[in-house]
Amino acid sequence: MPLTDPDRLFPVNEKQRDLARALYATVSGLPIVSPHGHCDPRWFAENARFPNPAELFVIPDHYVFRMLVSQGMPLADLGIPRVDGSPVEADPRKIWHRFASAFSLFRGTPSSLWLEHAFEHTFGIDEVLNAESANAIYDSIEGQLATEAFRPRALFDRFNIETLATTEGPLDDLKWHQMIKDSDWSGKVITTYRPDAVVDPDFDGFAENVATFGALTQQDTSTWSGYLEAHRLRRDYFKKHGATATDHGHPSAATENLDAATAADLFQTILSGAFTPRQAEVFRGQMLTEMAKMSLEDGLTLQIHAGSRRNHSAGVLAQFGRDKGFDIPGRTDYVQALKPLLDAVGMDPNLTVILFTLDETVYARELAPLAGVYPALKLGPPWWFYDSFEGIKRFREATTETCGFYNTAGFNDDTRAFCSIPARHDVSRRSDCAYLSTLVTTGRLREAEAFEVAHDLAYGLAKTAYNL
Amino acid sequence: MPLTDPDRLFPVNEKQRDLARALYATVSGLPIVSPHGHCDPRWFAENARFPNPAELFVIPDHYVFRMLVSQGMPLADLGIPRVDGSPVEADPRKIWHRFASAFSLFRGTPSSLWLEHAFEHTFGIDEVLNAESANAIYDSIEGQLATEAFRPRALFDRFNIETLATTEGPLDDLKWHQMIKDSDWSGKVITTYRPDAVVDPDFDGFAENVATFGALTQQDTSTWSGYLEAHRLRRDYFKKHGATATDHGHPSAATENLDAATAADLFQTILSGAFTPRQAEVFRGQMLTEMAKMSLEDGLTLQIHAGSRRNHSAGVLAQFGRDKGFDIPGRTDYVQALKPLLDAVGMDPNLTVILFTLDETVYARELAPLAGVYPALKLGPPWWFYDSFEGIKRFREATTETCGFYNTAGFNDDTRAFCSIPARHDVSRRSDCAYLSTLVTTGRLREAEAFEVAHDLAYGLAKTAYNL
Amino acid sequence: MPLTDPDRLFPVNEKQRDLARALYATVSGLPIVSPHGHCDPRWFAENARFPNPAELFVIPDHYVFRMLVSQGMPLADLGIPRVDGSPVEADPRKIWHRFASAFSLFRGTPSSLWLEHAFEHTFGIDEVLNAESANAIYDSIEGQLATEAFRPRALFDRFNIETLATTEGPLDDLKWHQMIKDSDWSGKVITTYRPDAVVDPDFDGFAENVATFGALTQQDTSTWSGYLEAHRLRRDYFKKHGATATDHGHPSAATENLDAATAADLFQTILSGAFTPRQAEVFRGQMLTEMAKMSLEDGLTLQIHAGSRRNHSAGVLAQFGRDKGFDIPGRTDYVQALKPLLDAVGMDPNLTVILFTLDETVYARELAPLAGVYPALKLGPPWWFYDSFEGIKRFREATTETCGFYNTAGFNDDTRAFCSIPARHDVSRRSDCAYLSTLVTTGRLREAEAFEVAHDLAYGLAKTAYNL
């Protein structure tokens, strides 16, 4: 029996299942467009082998290690490095064994689907992972990783990736992207401009970052106009390295549209370091509108990823740093929050702002009504915890009736787990085909239309929304 | 192939579908009770022909034009009049062609179901609307609109409408209703008292409106007692024109129960124009309780439509005015908000307050628990963006287990798109039959009971809740 | 035809239904573990007969009488005692008749499933309750209640209850539990420490309660250290009467982690009675963290039941007192609220904190992400209004993908309606089997795993989470 069910995620009713299968057959082989994610461009620049199964599947994947932690496994036992450099588990086989022994924790989760898809389809494994099979599976993966066919570029090609966007900070020199470009490999790996480090006053080292930002761009970033110009130049630099989009990871979706003098004054306050939480919020909000205005000039799509309460555990943050699975969603408002930006530029059809949320209650109440009327807005796919069968189902059911399919932006895998990319796109394609088959069999969509929409959801919409 | 699937919205499983069909067969022909909506009574008073397909299907329907706008179509190109009277597209055929060319945007939306139902069942069209078919369909509809059989009264009769409630402001003279009454036509078109213009201090021209209100009723509306008496008289006038209900479109569900002296003082502050947003909110809240108390005297059902963030785009409001598809839902609280009114009159079984929401998160958490215990409360059907298959499904699944069917108030079409009325009631009846068939086939309701409930949901509950 | 469908709550599709049936067959006969509820221990101590059908099914069950009240039935007519002792309906047969006549109100609600399960499976009734059958069914139940086989202990044994936890206040002498222990009956009825009366400054008689608490424990509860020590002693006393858990019914999930001096100062302010609402909130929040720290010492599981807006109707509270069906859920935050407690003790795998909510919007957004990473957290089952087929379905669909099954805590019936216990566990088992069968048939879980999970959900997880 294969590890993964060939009909997984399709409706059980035969009539629906047959149609879902037929729809899926037309999109399963489409190239992968991955317009937003967190893969490391260095992998493709250097094309070195992945070190071992633990470093491929456990250590970089916060979905995986957070589940083990939730049942009492210390982060250090999984090889997660400590901030102070003190020792953590260094034996990848031990880490793998701990992961394998706890694999039943993932029952019913998308992680199990993603992992088993990679085990089966990338590594040809047909055994369920558990304490008994751990070593054999480790050896099998390890053996394959040592071969040319499992180097990053080879996998990229085998995964049929048409475009992979990574995400870099504004101070990044993009040298890995340059190396890829200069290489004889034709894979399309592009960057994305994510300026949080010089936009968010609460970011670690913000003031220094702004100074470095000035040095990099030869602008006086101690003035508002120099700071804005530095952004323009840096956006242009990123664009030259393939970027078609910017990305903004803010605690809320707050936007502002201050007059220039007020904005300049606020910038000075922010630079001084003597700002209130509210002023930091206003500054981030103002910068979203500034970025939207620059997007109207340079054509970059603007992505807003709002609402994560980052680093919830003070202890884990102190010991292990950021991005350790302790980012928790919170209630997020979009209606009042986006009004300043929308009043400024929301009616312009030449702007594309893609909204993401960690608060599903806003799908039907806020995001679909907004995207269903403002030309500048599109809805990003279900994000993070909702990038799953049920998450996608809730998204489609809650948004389609109000904003249709064509105000959505296709799929993002948004992952740093490279081997999960095919699996994630597959889950998205299957889930959408399941949804479409339900619409057709309940008389809400014609069959011929469903085939068109399936293609758009799997491929076309992402290309349009991100100008790819 | 017919435009609309005869089994649309029914479950796919044959057992469920058979029962849904059987249930639907007993309610599909029931007369339409439309106790809340926004049709123009002048249509039925004058019985003039509808001008053209664009004025029938596009220009008055914000569901339709908002979707076109979301993809970059200017409102002016769709013939939406500007506030300053400057020219907009005046050729209905061009407007129709733009609409037809973009019809695929509506895939998966209730608008496509409503429109195709009207095209097929009212106008006998069997072709899908698109750029190619646009002209032929325009001609067909246009030709039919020119005939007697497509005048408003004839359609009203053909639609099998038993009662149609319109909604008028407190200063309306109700002359169209009088003309209908005085005519030889027996169609039952009644009014609804919607006093927002003299209740909401933020309403355009509020102070003038209150003065006119006094002149109309020969009451001194510069005093609290005169103002309240004017409401009593006006409610009575509306009741004489058939009204069985009042309606209140407030930004929130806030209510208050101030003592008379405090209320009178607040009224003076409001009239002076020098009030805070909070005082405006308190005044609106006090008026809901005053209206509820008057309902106990005159028997009018009280409807609360709370939570729309109206006119979200400042630019669109300035150029095109209100009701242009830019009303966006927002989070709305009911539990604390309704407490003052409920403490005052909520235990009185002689009062009927019907609650509507644009925030679906309150269905299970707030509205069903409240309506499931307070004798005065009933839940209105899913409103606005949620008046759809998925919207109705979520409503039933979230509310029935806590407040049952008999604390709900049947269906409202709430539309200003006359031709969508049969379609909207049909969607509601089908969706409810689908839900009931699921309850029966999963052992949660007996089959015989389902037939009774189907009838109540399609017909009986609306008549009871609105005293029709 | 049996009153209840043997396949109730199972999916309609035959393939899914067959699997659901097979799963259910392996768990339907498992002993009932009821680790949280509100049965009266006196029933089992004295083992007196239940007085009559009205006192068994109507008067103690707020789910039942709130529905009747919602349609205008006065509480007094249902025999609900008044605070001032003035007369209410005293004839149980009249109460029963009113209930029976209105039984169709419960169509589609879990109450109808629970009641009919008890009628059929406990009392052998095969007729639908209504005005006509009311008397015969009353006589039948009444006749059976008079027999030994229907005394509390006999029913407890017949219901196959392995453990039943009741809930007692901190001043309770636990004499009924002592009587049970001293009896020759082997039924396991344990207590739970619910200290709200001495923890919540807004509790009726709080100051007196704290004084009594001191007297009971021979501690000086006018000092912070004495007060904490009294808790320690009282927890120990409860533990000796079987308690394995504490329970906390707070208006919010707010927690605090003050330093000892600040906490001691706050305690004095609270004791003085001159505290603000905010100080009361902080004190309750501090006490949750204190309780968690004591749990680390004594091993008691800590339950947080947050978010009920108690006694919503001022009139009903004044006339009939607490717990009369007028507790309404409200929006509740967990992410910020729990941070102080989690920063203090959340990473300790030796602590078990079980979270309950009345705000389903937090399942996917807050609770599953928190429980999916903090070792100390587990999710309690759907609570109160959500303890139903749809409620359980929403809970599983919203939480499983993020925190899996093993960060949940099995089922609680949480009832004071003794005869509903088998029915409630049955609904839970059926609903979970339905969910699992869907996972398997859509390729998200292997069939063999589903059987293991079904057993865990029905039995194992509750035992682990509550140390039973």
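For clarity, chains are labelled A, B and C in written order, and residue numbers in each chain start from 1.
Here is the rule we go by: a residue touches a chain if its C-beta (ideal position, glycine included) is under 8 Å from a C-beta of that chain, and two chains touch if they have at least 3 such contacts.
Which chain is which protein? Per UniProt: A, B, C = Uronate isomerase.
If you're wondering where the values come from, they're calculated on a predicted model, not measured in any experiment.
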item	value
Copy-to-copy rotation for chain A and chain C - C-alpha atoms, rounded to a multiple of 5°	120
Interface sides of chain B and chain C: same vs different residues, half threshold	different
Inter-centroid spacing, chain C versus chain B (mean Cα positions, whole Å)	40
Per-residue overlap in chain B, given as positions that touch at least 2 other chains	11, 13, 361
Contact footprint of chain B on chain C as seen in their complex	4-5, 7-13, 66-67, 69-72, 104-110, 112-113, 128, 309, 312-316, 325-326, 328-331, 358-361, 385-386, 388-391
Residue numbers on chain B that touch chain C, as the complex places them	11, 13, 15-16, 333, 335-336, 339, 342-343, 346-347, 349, 361, 364-366, 368-375, 377, 397-398, 400-407, 438-439, 441-446, 449, 452-453
